[in-house]
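In structure tokens below, several structures.
What follows is subunit A paired twice: with subunit B in the first complex and subunit C in the second.
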Partner chain A sequence: MIRARHAIPLTGRLLVSLLIFLVYFVPFYWMALTAIKSKGEMLQFPPTFWTAHPSWDNFAAAFGAFPFWKYLWNSILVSGSIILCQIFTVVPAAYAFARYRFKGSGIFFGLTLASVMIPPQLVFLPVFLLMNRFGLINHYASLILPQAASAFGIFMLRQTFRQVPEEVLEAARMDKASELSIITRIMIPIAMPTISALGLITFIGTWNDYFWPLVLTTSDAVRTLPVGVASLKLLDSGISIPYNVVMAGNLILIIPVLLIYLIAQQRITKAFTYMGEK
Partner chain B sequence: MKALKARPYLMIAPAMTIFAVFALYPIIYMLYLSFFKWNMLGPKIFIGLKNYANLLSSKEFGKVFSNSLYYMALSVLLSIVISLAVALFLKKKTALNGFLRASIFAPYIISLVSVSLIWLWFMDLDYGLLNFILGLFGVKPVDWLSDSHMALTSLVIVSVWKGLGFNTLILASALQAIPEYLYEAAELDKAKPFSVFRSITLPMISPTLFFLALTNMIASLKAFETVALMTQGGPSNSTNTFVYYIYQNGFQFFKIGYASAAGVVMMLFIGAFTIAYFMVLDRRVHYR
Partner chain C sequence: MARSLEIRGARVFLAAIVLALLGAQALAAQAKPIELNYWYAYSGVVQETNETLIKNFNETVGKQKGIHVTGATQGTYSDVQQKVQAATIAGNPPNVFVLEMGVTGMLGMNGITEQLDSRVAADKFDLSDFQQALVKSCKYDGKLYGLPFMPSNLILYMNTTLLKQAGLDPAGPKTWDDFARYCKTIKEKTGLYGLTLASNIWFLEGILLESGTSVLSDDEKSTNINTKMAYDAVKFFRDLKDAGYIRIMASADSAKLMSDVTNQKAGMWFYTTAGITTFMGMGKNAGFSVNTAFMPKQVSYGTSAGGSNIVISSKGTKQEKDAAWEFLKWVTATEQTVFVSSKTGYMPSRKTAIESPTMKALYTALPQFKVAIDQMAYADGRPMNPAYTEASFVITSALDAVWVNGQNIEKEFAEAQKAVDKLLRE
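And then the complex of A and B:
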């Protein structure tokens, strides 16, 4: 039976779909197109919606405006280190909260919860002062340490560890497997999808992060890509803002994350759904 | 046996140390600093509640405060209403709907720097595509970012655009969790679409709506990148919000104590919303 549940006719639905698509596609398209336009064409009116003369000079200009390769390397190094640190802090903590009863676990879990409600945007000033006192400003450590653990990761992984049936562990214990080998040989492989989803989310978050690097660094030696791309805005070019160069840099900043999203879209959205429902 | 007892503590120690040093301690230190006058170089001078008194009497902070509330209220309202409409529209599992949902989620995972820069160019008064498109419909160019009556709303538009995919994702999964038989029963009763929405859909997703309202509130209080990269708090402080104000006072004017006091005020807001959020969360868990 065909039910008339949709009050909106098909053409209307298609039009709305198209509108939603355009609202999200056009800004991205405009970024990519601007990135390959010359300055003259960029300021043309009415604007061109396709370019016959793509120019790659903007990318060269973006690379030359700040130590691009250094910033890129810093981004990779900082993101990678944070992921590694989080594996070593989150996995054992999540396992302990999921599988052991111990005195004070409530308090420590409360501390974990509390750290969720204390965002960087609230505590950056005292964290800066702390880093400054220990001489860590402009060291990689200042960018890595504040994000070396993830409360969200602990919640999510704890849930996964809890779902592992007790029988599996009993069987392993019967075989006299040590607790460590139970964790590394059984629990971690079972939790691998969750761990890799967490890794992806952490990568996206740290790769995109502008706030910590802005606050905790002043030197080219440790600054990351978002800071470099944002600085393109201030490039002296005769016009107020050289948007074609800015968009070229922006494109480079976006591409890795977009690629990861295309490849692991389901896993990422699933993890975010979990985050939203928690 | 002793080693066994210590084991869980050893396992949580690294994570707990990080949380204590980079979340708990800074909060306490910020509270402490808010009672001092300090420019980061000279000695700290204890001035009691003077920073708070200065905050309350500061016209600028009054502006920052009302800006933050306006930004929060408008972005939460728009986010919820639009994402609910989109989630309802994309509810059915078709290839097209899946593609659209994936498309609107894309900005959520890209950097706020990128989103800010894209929209800075998009909203350019003279060469921006947005004004060109509006011009095709006969709308006069809008001064999105340098008109003090418009700029804050423009920043809200950008943040709603960025977050829509996430809000839609959560609402869509809440909509899918509504048992189909409720709708079938309503259909047997020949209920009108609007009354189905009001008496089935809305009550079933109201916990999710409330949850999203709270997360969006907290997220909007944290706004910084759009302000820093698109308007620098201007024109005439019309887009200056909590985080940017603390940043300015701390890193540009070196008024550490004053900035810390502003931080404490912001913390009270986040704290109130977070407590409300956990109370709702707690209830939801019990209902399940």
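And then the complex of A and C:
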């Protein structure tokens, strides 16, 4: 009797779960499938959902179309540097906004929040001119500096820092702990889930960033992977887009992100679980 | 006393060393070659071609004259143009770059590219060897702003395997009436479309030229789309679509054309001559043969030329511009044009290049390549009015409305004309 009452909800739940799974999974499956299709098969209509003759040449073509290893190294360097810079700017700023009351703190925080709403395409030209004035176009610095701070990160971290009870900090201060050691020994460990989540979000954002590297670089020297993968569209001089090679390039592009996500996944789940608690 | 002499001596000695170093640096700077930056578009074969050209230049004329060129791809033609504009504002544009024919005039007028007439005159550079329609596309207001580099024009492609199945001559239709007959026959005999077409401004330019008019007036201050000749041209294709013989897609769906061709859903299509290698490759994979022909004749033959020009930035030292001009002259010389054309499928821009043994052999082996060259005699340059790029969006929307959504031709084109004329006159 009880089983009958729960049977429908269970099937319903399974169906909904399956639907959601498909919605997220099918695009990835399609990307992987297209990456091993030949050019003729990729343009076939109606499309095929399986390929009898996988063509692994697409990966070789993607590797060979642009200086892959150089772009990969640039991506790693730029993403890593941005994350590092953000740690050094976001943590102290969030701490100050969370635990200090100083003149203008409200205004500054308001400005920080407002800057989250400005789309990058709007500020691209002023930033470009600024970087050019310092002679930094086509240097790593121009890719890293505009994103060295994160307003979103400051906001999120401030929320987390505010949840630390004041007594803990007072006890530390009574033990003659400096503000710096308070930050490094108390605040950061407590906020580690949030910081990991922020780090991952920043990594995903900067790893996949196409707009800024396209605009701020003029040669292969410091270009990042997304620009290279996008250039795969132009292999045929714009006559026809070799989607199979582009998908192969995309697969290679997302592998590091997937890996890092798998590693950091647990920390992120913890972060979002603990956000509401004390 | 002795000490102050020592100090003075030391100072003189120091000054001498500094002067010597400065002098050495000045001499070294003179010995260093002039560095030029060259921005081009696309990757793949076009990139390889450009890089080979740069390498060859650096090893020959570059070495002789102390010039060194470094190239970089920046994306599509549109990407190159936008980055050049941003870089020009910032004050450090590339010395040499490519521009799509349709925007050469606009950038020239805006002072982004260097005017070349005085250099042509000073060097007695012969422009008559270039296809004249291409030279026209390098000029704005009578002034020359670039040299033809990788030109193309719109031609008719045919899947001759399908045509033969329908019992049609694979040489293709010669006139619009022939064309309509071909489309009808293909549909009736094979059940497939006679033509697959994605509406686009370049095609409209071509069919208007064939109808005895042109998309813009001679002074380019107004558009001719609101005339009977334009209505008739557009209506011709719409009637074929309404009869079910051809397929017309909106401009945004142009990628579907590739799918139609590979899947052999249509017997004919119009495309740039730069696509010959791609389509012949598609045919080889899918098992069909490809032939090319002039755009069929109405009042006359006609097509709109396209592709890219190569230009010099207006910013830079006199030395850099002189060096850039040397590069321009070399890269558009006959030998280089033959190389570019045989590798990429773009047309040779020079008449002597067409006559060269390499190209002649290619044309004998693959006569499909020659069609675009012969059609150049009937080609016109693209409009040069700087507002044309914006105006073409308006015209293309009207064309989509008429061809895809079945809207009233007279009404749509009358509205478009008002908007376009306003843009052109600004």
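Definition applied: the second predicted complex is superposed on the first by the 220 of 278 C-alpha atoms of A that agree within 3 Å, B and C clash if a C-alpha of one lies under 4 Å from a C-alpha of the other, contacts with A are read in each partner's own complex, and residues count from 1 in each chain.
Methods note: a residue touches a chain if its C-beta (ideal position, glycine included) is under 8 Å from a C-beta of that chain, and two chains touch if they have at least 3 such contacts.
The structure presented is a predicted model; accordingly, all values stated were derived computationally and were not measured.
Applying the stated contact rule after C-alpha superposition, one finds that A:Ser231 touches subunit C and leaves subunit B untouched.
When the two complexes are overlaid on their common chain A, residue A:Leu129 makes contact with subunit B and with subunit C alike.
In the overlay built on the shared chain, the residue A:Leu72 is in contact with neither subunit B nor subunit C. When the two structures are aligned on the shared chain, A:Asp220 is found in touch with subunit C, with no touch to subunit B.
In the superposed model, A:Val164 makes contact with neither subunit B nor subunit C. By the document's definition of touching, both partners, subunit B and subunit C, reach A:Ile241. Legend: residue contacts after superposition of the two complexes on their common chain; A:Val257 is shown touching subunit B, with no touch to subunit C. By the touch criterion defined above, A:Phe45 reaches both subunit B and subunit C. Note on subunit A: of its two partners subunit C and subunit B, the one contacting more of its residues is B. When the two complexes are superposed on chain A, the residues of subunit A that touch both subunit B and subunit C are 43, 45, 125, 128-129, 214-215, 230, 241.
By the touch criterion stated above, subunit B contacts subunit A in their complex at residues 5, 7-12, 14-16, 18-27, 29-30, 33, 40, 86, 89, 96, 100, 102-114, 117-122, 124, 127, 129, 132, 161, 166, 169-170, 173, 187, 193, 211-212, 215, 218, 221-222, 224-225, 228-229, 243, 246-247, 250-251, 256, 259-260, 263, 266-267, 270-271, 274, 278, 281.
Subunit A meets subunit B in the complex at residues 3, 5, 7, 13, 16-17, 20-21, 23-28, 30-31, 34, 42-43, 45-47, 88-90, 92-93, 95-97, 100, 102, 105, 108, 111-119, 121-130, 145-146, 148-149, 151, 154, 179, 204, 207-211, 214-215, 226, 229-230, 233, 241, 243, 246-247, 250, 253-254, 257-258, 261, 265, 268-269, 272-273, 276-278.
Of all residues in subunit A, those touching subunit C in their complex are 38-40, 43-45, 65-66, 125, 128-129, 132-133, 137, 214-215, 218-220, 230-232, 234-241. Interface of subunit C with subunit A (complex): residues 37, 39, 41-46, 70, 72-77, 79, 83, 86-87, 89-92, 94, 255, 258-259, 262-263, 265, 271-272, 274-275, 278, 282, 285-286, 344.
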